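You will see chain A twice below: alongside chain B first, and alongside chain C after that.
Then we have the complex of A and B:
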């Protein structure tokens, strides 16, 4: 899976592309952990390029969110497609990972 | 294939239950959806979510690792879409009606998610294989 990264001020955006699944979730989680360890704790995951997420992808986002919050930051998600939003709702994760419509809106108060 | 010809078509995938084969499972379901353009994309998407979660379960827990073979059979019926999965992995105890894990859990959602979007999920231990049957009724527009 392609994973592009961009620094915007003190924040970092990560944009995975393709299926966020059993195969691609571990490297995304590892990248979030590395960012947090390096002091980059405000992370926006741009899901605009993700056409499918499974429970492994959800686990990576939750793991990343917990790591970031432990260090005073957060993980926010943006541009989630229909399948991602449906799965977040079904798993009740929309309560702690509320999707922002755009990356700009996710970054607005950071 | 279009029209009436697609109605009875059976979509089959056989291979090893390894991570690299998950894309083929997606492709199988995409082919079934393409042949049945009347299907609601939401039905296809949620059914695909469930099938992939069951496939993930076999990939992650099937033993001996990397040697488990599987066979998917997908059928589109007038009122429902159905997939059967046979895998040669070890015996598995299927505990249905799983509760969705707490929000901060990093795992354990797969089967609960599959159950949430399926109308039927059946598991049977055969002499040398595990047999799964997954059904979603069409056109309910549920958000569960």
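Then we have the complex of A and C:
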């Protein structure tokens, strides 16, 4: 899975592309952990390029969110497509991982 | 594999599980290293020898009497036959006397778990030859690689077998209720499970030791849960979830059982970066009262040909960094209705569209009603539908119906 990364001020955006599942989730989770360990705790995951997410993908986001929050930061998600939003809503995970329409809006108060 | 006692039975079981790229890879290596036209992985079963991976010959079965490897498995170390035609055991063998007219054989016996020799990794040539000590060592090393793969396969199979035995074998015999549950794991083991248990006591909380309600007012608790992820790691956590929820459910109201399950399993779940979606409900077989907790599962519904009511709440799954307060929802299951709970693997084939999934459920209910289908047939038809529409995840369905005639 392709994963592009960009630093915007004190924040970092991660943009995975393709299916976000058992195979592709661990590298994303590992990258978030590495960022948090390096002091970058404000992370936006741009899901615009993700056409499918499963429970492993959700697990990577939740795990990343937990790590970031423990260090005073957060993980936010942006540009989630229809399937991603449907799965977040079904599992009520949108309550703690609410999708922002754009990366800019996710970054607005950081 | 639990009833398997002899090496040939074990070989037959391995063969039934099939070959695969991991075996093909070793065979290709063997063929390239030794420069023989043929390399094969043969499992010596009770009646047949199964070639599950091969280069230069077809995979498939042949009678065990024609097997050369049947002699290899009788010895601890490598068997080499420099000229098959000069060995009276093999001179009349169809592949020596006829067919490819093979002359040379070398095979290393392969041990399965507990040391039973189940087959051989062998190389064959059209001309007589002899291997040197280094080549003997290399063939034995390749055999060890295959043995390792066989051991992993046996271990995974056993793990899946244990998990299948942890699922309820048959629904509890409760007058007035018909129940069926079905799981198809995408791999040998997985993170989906369902469960049911009879909870003594009345809905108002009277205990089973209250003589006024003893043995007359049992509730049935139905659970379907999905541990994030797939395979063996998810199945380990699923076993813990099931045991903990069962234990708490026995003694306390449902919402408290879920909260305590969350507390008890928090360390295991967060330590493994996992979460669990869970739907669990208690049904009164006599009046159809259903209390439930939906912890981020979202895929339970009461269905009939008249319509579908989702039994969904806003609660979070278990194992998240934010703890939730799980409150009871309530509904009533009428006599012509079914309670259906499925896993997200079933939901996926509807492109994760609730509207499509719910209207498909309504059609299933109408079909079941018209054709007087059993709850087991309904559960099967739901999984069959998902299977035939490209499901790739674990699939689970539980179906419960009240039965007017015995209620």
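Just a few scattered comments:
The criterion applied here is as follows: the second predicted complex is superposed on the first by the 110 of 110 C-alpha atoms of A that agree within 3 Å, B and C clash if a C-alpha of one lies under 4 Å from a C-alpha of the other, contacts with A are read in each partner's own complex, and residues count from 1 in each chain.
Quick note on the criterion: contacts are C-beta pairs under 8 Å (C-beta built on N, C-alpha and C of every residue); 3 or more make two chains touch, one makes a residue touch a chain.
Computed from a predicted model, the values in this text were never measured in an experiment.
Of the two partner chains, both chain B and chain C are touched by A:90. In the superposed model, A:66 lies in contact with both chain B and chain C.
In the superposition on chain A, A:19 makes contact with chain B only, while chain C stays out of contact range.
Residues 22, 54-56, 58-59, 62-63, 66, 83, 86-87, 90-93, 95-96 of chain A lie at the contact with chain B in one complex and at the contact with chain C in the other. Those residues of chain C that touch chain A in the shared complex are 191, 226, 228-230, 270, 273-275, 277, 296-299, 313-317, 320-322, 344, 347-348, 351-354, 393. Partner chain A is touched in their complex by these residues of chain B: 19-20, 22-23, 26, 41-42, 45-46, 48-49, 52-53, 56, 59-60, 100, 103-107, 109-110, 112-113, 116-117, 143-144.
Across the complex, chain C is touched by residues 22, 29, 54-56, 58-59, 62-63, 65-66, 69, 83, 86-87, 90-93, 95-96 of chain A.
Across the complex, chain B is touched by residues 19, 21-23, 52, 54-56, 58-59, 62-63, 66, 82-83, 86-87, 89-93, 95-96 of chain A.
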